[in-house]
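Both complexes shown next keep chain A, but they swap its partner, so chain B is in the first and chain C is in the second.
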Partner chain A sequence: MSTPPTPLGGVQNEEADLRDLGRALAEAEQAPVLDARVTTSDLSLDEILLLHSVGLEPAEVVFGVGCVSILTGVWTWAVGAVDDARVAFHAALNLAKENIRSQVHRTGALGVVGVEVEVDMRPHACTVVITGTAVRAMSDEASHSHFRVKYHNAFLCDLSARDFVVLGNAGWYPLDLVAGASFVHAPRRSLGTAVGQATQNIELTNFTETLYAAREQAMGELQSRISQAGGTGLLDAKIVDRPMRFASHVVEFVVYGTAVRMLTAEHTHPQVSMVVPLDDAVRTFEATSLD
Partner chain B sequence: MSTPAPTHAFDSGLTTPDFAACLAMGLRPLGLVQGFYCGQVSSWSSYSGYPVRQYPCACYEQEYHQTGWLGRVDDLDRAWTAAHATALERMLAEASQLGASGVVGVTTEMNHPTNENSCEVHLYGTAVVLDGVAPGRRPWSTQLAGQKLAKLVEIGFVPSSVAYARCTAMMAEGCNMEYYASGRSGTGNVVRPLQEAHELARSGAIDAARGLSQGASLYGVTMEVHESERYRSTYVTCSLRGSLVRRARRTVPTAAPTATVNLGS
Partner chain C sequence: MSNVPSDLPKDAGARLAELEHGLFTSDLSVNEFLLVKQVGFHPLGLVMGSSIYHIGLQKRSWGSSQELTTLTSAMYNARELAMNRMEEEADQLGADGVVGVRLDVNFYEWGHDSAEFIAVGTAVKSEDGQSYRNSLGKPFTSDLSGQDFWTLAQTGYMPQALVMGTCVYHIAHRGIGQAIGQIGQNGELSNFTQAMYDARELAMKRMQDEANNLGASGVVGMRLEEKSHQWGEHTIEFLSIGTAVAPRRGFDGTPPPRPTTIISFDN
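Up next, the complex of A and B:
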C-alpha cells in the first residue's frame, strides 16, 4: 500500500521549511516527469496556492473572441439609444463566452477565473475578447475530487483567484460573466443656445441627462442578465462611461461583473486576523529643516 | 596603501529578501549571467504571409470583387523566437561556465534597436548552485527567485526553462471583410475575418508554447496582443512569456489561507 503524499509542510499543513524545499528541488533534478498533462496558466503562484487550498488547479489559458458587425450610419443619424450598438455588443460578448466555454469543455475544466475583458467598439464592428485561466478539480489517487461544488455549465468569473477563494469560503460561488450596455445620443444644443452659453460656467444638462438615461438602461439590463444567469448578486462591477471616440455625441455606458449565488444555507463570516506591520519606513532627520 | 587583490566575489540581480530565501533553500548565487542577441528581421518577413483560409466574395459587386484571406507570418515569428532562443542559450552557457545548477530571476527585455526590421533580446538572471548537488548537464532557468521559487517547489513543481512563443496572423482584406466590417451587411453579423485573425494569433501562440514544453507546464504566462494595419492588411501578433515547469511530485491541497486585515497605512 502506498503512503499518501504529504505536503512539504507536514500533515498539519504548517508553513513549509525553506531547507526542505531546497532539498526537494535538489532531489527533483533527476526525478521523472510525473504528469504528462501540459498546463498553461497566467495566474501568479500565490493564486495557484490559494486555488490548491480549495481543491482546484490551473488547466489551460483559454480565450474567446467575438466580432460582430454594426449597421453603417447608426452613430450619425440615430436619436436616443443606439440599439444596434447594444445588440452588437451583446452578440459579440455571447460569441466570446460561447467560444471560451467550448475550450473549457475540451480541457475538462470547471470554469475560468481571472477573466480579462477587452472591448473594442469601432464604427462598424464590435470586438470582445475574454481571456483567463481554466481551472479543474484536483483529485486523489482514487479519483475523488477535492472540489465539492458541481457546475452544470462552466463558470466564468472576472474575479481574481484570491477573491474566488475568499468568496467560496464564505459560501458563495461565481456563475457567469454578465454585462449591461447602453449607447445613447446626447441631443445637440441649438446654435443659439451654444453661442449664448459660450461665456458661462454651466452644466451641460443634455450630457448629464444622457448619462443618466444610459445608466438606467445598462443597469436595468444588467439586473435581468444576473437573473438569467441564476445569480442573486453581482460582484466587482466595472463601469466604463465615456463619449465614443469616433462619435463624441454618443455616450457609452458599459457595466460588467461576475454574477454570484450563495450555495450554502447561510453566509459564513471569515475569521479575520488583524495584522500591524512593524516595518514602516523610519522618519529620518532632515538636515534641510535647519535652514 | 595598495588595493587588495580582487577575490572571487559573486554579483547578482537578487533582491535582499530573494537572496535570503535562496540561501535558506541552499541555493548559493554565483554571478549575474546575461545573454544578448541583436539581429535584423528580413524586410520580406511582413510580406511572407501564407494563406490558411480564404474568404469568398460577400458583396456580389463584380467590379469590386477581391478575395480576402487569413494567413500566418511565420518568418517574423521565427526571427523573434530564434533571437530569444539564442540569447537564452548564451545566458545558460555563461551559467554553465560558472558551474551553476540553474538561473533564477530571469528578466527578458525585447526591443527594436533601430527600426521595425531589427530585433534585440536581452536576458539576464542570477546563476545559482545547489549546495552539495552536482550541477546537471544543462542549467534550468526561471523567472522566479527566492520565496516565489520556494512556493513553486511547495506546490510540487520544479523549474525547467524560461519560454517565449509568438504567432502573427495576417488578414488581407478582401470584399468579404470590407462588406461585413463596413456596416453594409447590417447589425449582428459575425465579422469572421477579423474574429478569426484574433483567434489564430492567440491559439497559434498557445500551441507554439505547448510545442516548447515537452511535457512541462507553462506557468506565469504573460500574454501580449498587438494589432496593426498596413497596406489594407491587418496584423495581429500574440506573444507569450512564462516559465516552463515540470511536476516533480503529486500536488495535494494546501492549508486554507488565514484572512488578515492589514492595519498599516
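Up next, the complex of A and C:
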C-alpha cells in the first residue's frame, strides 16, 4: 500500500500526472494511424462473437480519469450531509466520463461496453477511474441493418457485452452511466439518552431518519440523472452502503448503473428454455496427492 | 404491527412521485429483467425500508439453555419495521409485488448495541392489469431471483410474502465437572444438541405460522441462518426465511416446459 497523498502535494502531483497523460494522448492522436481496423479489447472471445452478431466489433480499450480535491475539515463529525464530498464525487465522475467520451470520439466508436467504475474517496481527494471497451460498427451496412440506433453522443454502459447484446435484442439500449451519492454524518446521542435506552428494545428514530433521508436524496439524484440522459429506466443498479474507511461516523451511500431506454416499438421477449447441465464438477489433481 | 409509523420521509415522496411517471430503477440484472418481463411484470422502482434499532439487554444464566425473548423480539420488530417500510414504498407506487428482496443487518461502530436492518428490492406491476397482491391486500414480497420467479410462475404458483421466524437462544455452558468427566470420551453432548434443536424448531415454527396466516400453500427457497452477531458464541440467532407461495389465480394448468439436458463446453 502506498501512503495516502499529503493534502495538497498529492493532489498537485496527480494533476501533474494527468497533464502529462493529456499531452501523451494528444500526441497519440496526431500520430498517423497504421491500420484503422486494428483493435484492442478486454472482452472474451464469446463476447466478441456476440457483438459480431449485431454488427459491432471492439475498437479499443478506453478509459477516463477524474480527480477532484476536497476541502480540509469536511469529515469532522457534524450534523447532516457532507455535501462537498458529494459534489466532488460527481465532478470527478463527470470528468472521467468526458475523458472517456473524447477517446471514443477519436476512435470513431459508437460507445463503450463493460465499463468498470473504480471510486477512490480519500480525505482530500476523490478519484474516479472508468475503463471499458469501445465498440464500433463492423461496416456501414452492418450498422444499418442490425444496429439501427443513432446515438448523438457515445453511450457508456457498465453492462457486459453479453448483457448489452441480450438487452439490445429485446429492444432496449443503454445511454449513459449515471450515479447518485450521499455522504451523511450519523447523529449523536446524548449521554443521557444513551443511558436511558441502554436496556430497551427501541428504534433510534433520528438515526433511521437521517440515513433514510440520505439514501432518498441519492436515489432522487440518480433518477433525475436518468431523465437527463434521456433514459426511462436503470438496470443492474450497484449499491455501495457502508461507513467510510477513514471516518466511520460518516455513512457512504453510492448507487450507480446504466440508464436504458426502449427504442423499438415494443419489447421483444427472448426465447427461453429450461436446461439441465449434465457436466461434472471439474476434477483437479492436487500436487500434494501425487507424492 | 401496531407500532409501525407511516413515516416515510418527504424525500421519499418526491422520489416515488417521479417514479410514477414511467421512469424505473432496479437492481435486477439484465437476465432477471427480461425474465420478469416474460412473466408479465414491469419493474417500477427500487424500494427500500430501513430501521436503526437499539437492541435491549437480557440477563443470561451461564448454565441454562433458554430463549432470550427480549433479543428475539428486537430482531423481529426491527425486521418488521424495515419490511413494512419497503412494502409501504411499494404500495405507494401501486406495485403488485416486490421481487429480489434482500434483508441485511449492518452493525456500525458508532451504534453500540444497535444495528441497522435494511430491506431492498424491486417493485413490480403486472402488465395485464390484474392484481397479484396477497391475501392481505398488500404487495407480495419475495427473495427469489428473477430466474426463480420465472420458474415458479411456470409451475402455476405466485409468491405471497417473504415469511420469517427468528429465535435468539442462549446455549448453556457445560459444568466443569461435566467437562472433566467427558475428557477422552466419545460422547454426544446432548444438552448442546437439544438446545440447537429447540431453537431451530422455534424459528421454523414461527415461519410456518406466518405462512399459515397468509393462507399460503407452501414455503420455497427456505434458508436457515445461524448468527451470533455481537453476543458471544453461546448466544445464537436462528433465522429461518423463505417465500410463501400460493397457486396463481386464473392459471390455465399448462405444464411447465420440459427441461432440455445439455452438456456445455464451458469449463
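Please note the rule applied: the second predicted complex is superposed on the first by the 212 of 291 C-alpha atoms of A that agree within 3 Å, B and C clash if a C-alpha of one lies under 4 Å from a C-alpha of the other, contacts with A are read in each partner's own complex, and residues count from 1 in each chain.
Please note the rule applied: a residue touches a chain if its C-beta (ideal position, glycine included) is under 8 Å from a C-beta of that chain, and two chains touch if they have at least 3 such contacts.
Nothing here was measured: the structure is a model prediction, and the numbers come from that model.
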Partner chain(s) touched by A:G55 [first = chain B, second = chain C, both, neither]: first
Which superposed partner A:V87 touches (first chain B, second chain C, both, neither): first
After the superposition on A, what does A:S227 contact: first (chain B), second (chain C), both or neither? second
Across chain A, the partner (chain B or chain C) reaching more residues is B
Report for A:G196: first if it touches chain B alone, second if chain C alone, otherwise both or neither. neither
Mind working out whether A:T131 is in touch with chain B, chain C, both or neither, as first, second, both or neither? first
A:I239 contacts which: chain B (first), chain C (second), both, neither? second
Now for A:G108: first (chain B), second (chain C), both, or neither, which partner does it touch? neither
Looking at A:V166, would you say it contacts chain B, chain C, both, or neither? Reply first, second, both or neither. both
Touched partner set for A:V272, first chain B, second chain C, both or neither: both
Of all the chain A residues, which ones make contact with chain B and with chain C? 166, 270, 272-277
Within their complex, chain A touches chain C through residues 159, 163, 166-167, 170, 186, 194, 197-204, 207-209, 211-213, 215-217, 219-220, 222-224, 226-227, 231-239, 241-243, 248-249, 251, 255, 257, 267, 269-270, 272-279, 282
Residues of chain A that touch chain B when the two form their complex: 4-9, 12-14, 16, 18-19, 21-29, 31, 33-46, 48-50, 52-55, 57-58, 61, 63, 65-74, 84, 87-88, 91, 95, 99, 122-125, 127, 129, 131, 138, 146, 165-166, 169, 270-277, 280
Of all residues in chain C, those that touch chain A in their complex: 7-9, 11-12, 14-15, 18-19, 22-31, 33-35, 37-38, 43, 46, 48, 50-57, 70, 73-74, 77-78, 81, 106, 108-114, 116, 118, 120, 150-151, 256-264, 266-267
In the complex with chain A, residue positions of chain B that touch it: 21, 24-27, 101, 130-133, 136, 144, 148-155, 158, 180-192, 194-195, 198-199, 202, 206, 209-210, 213, 215-223, 225, 242, 246-265
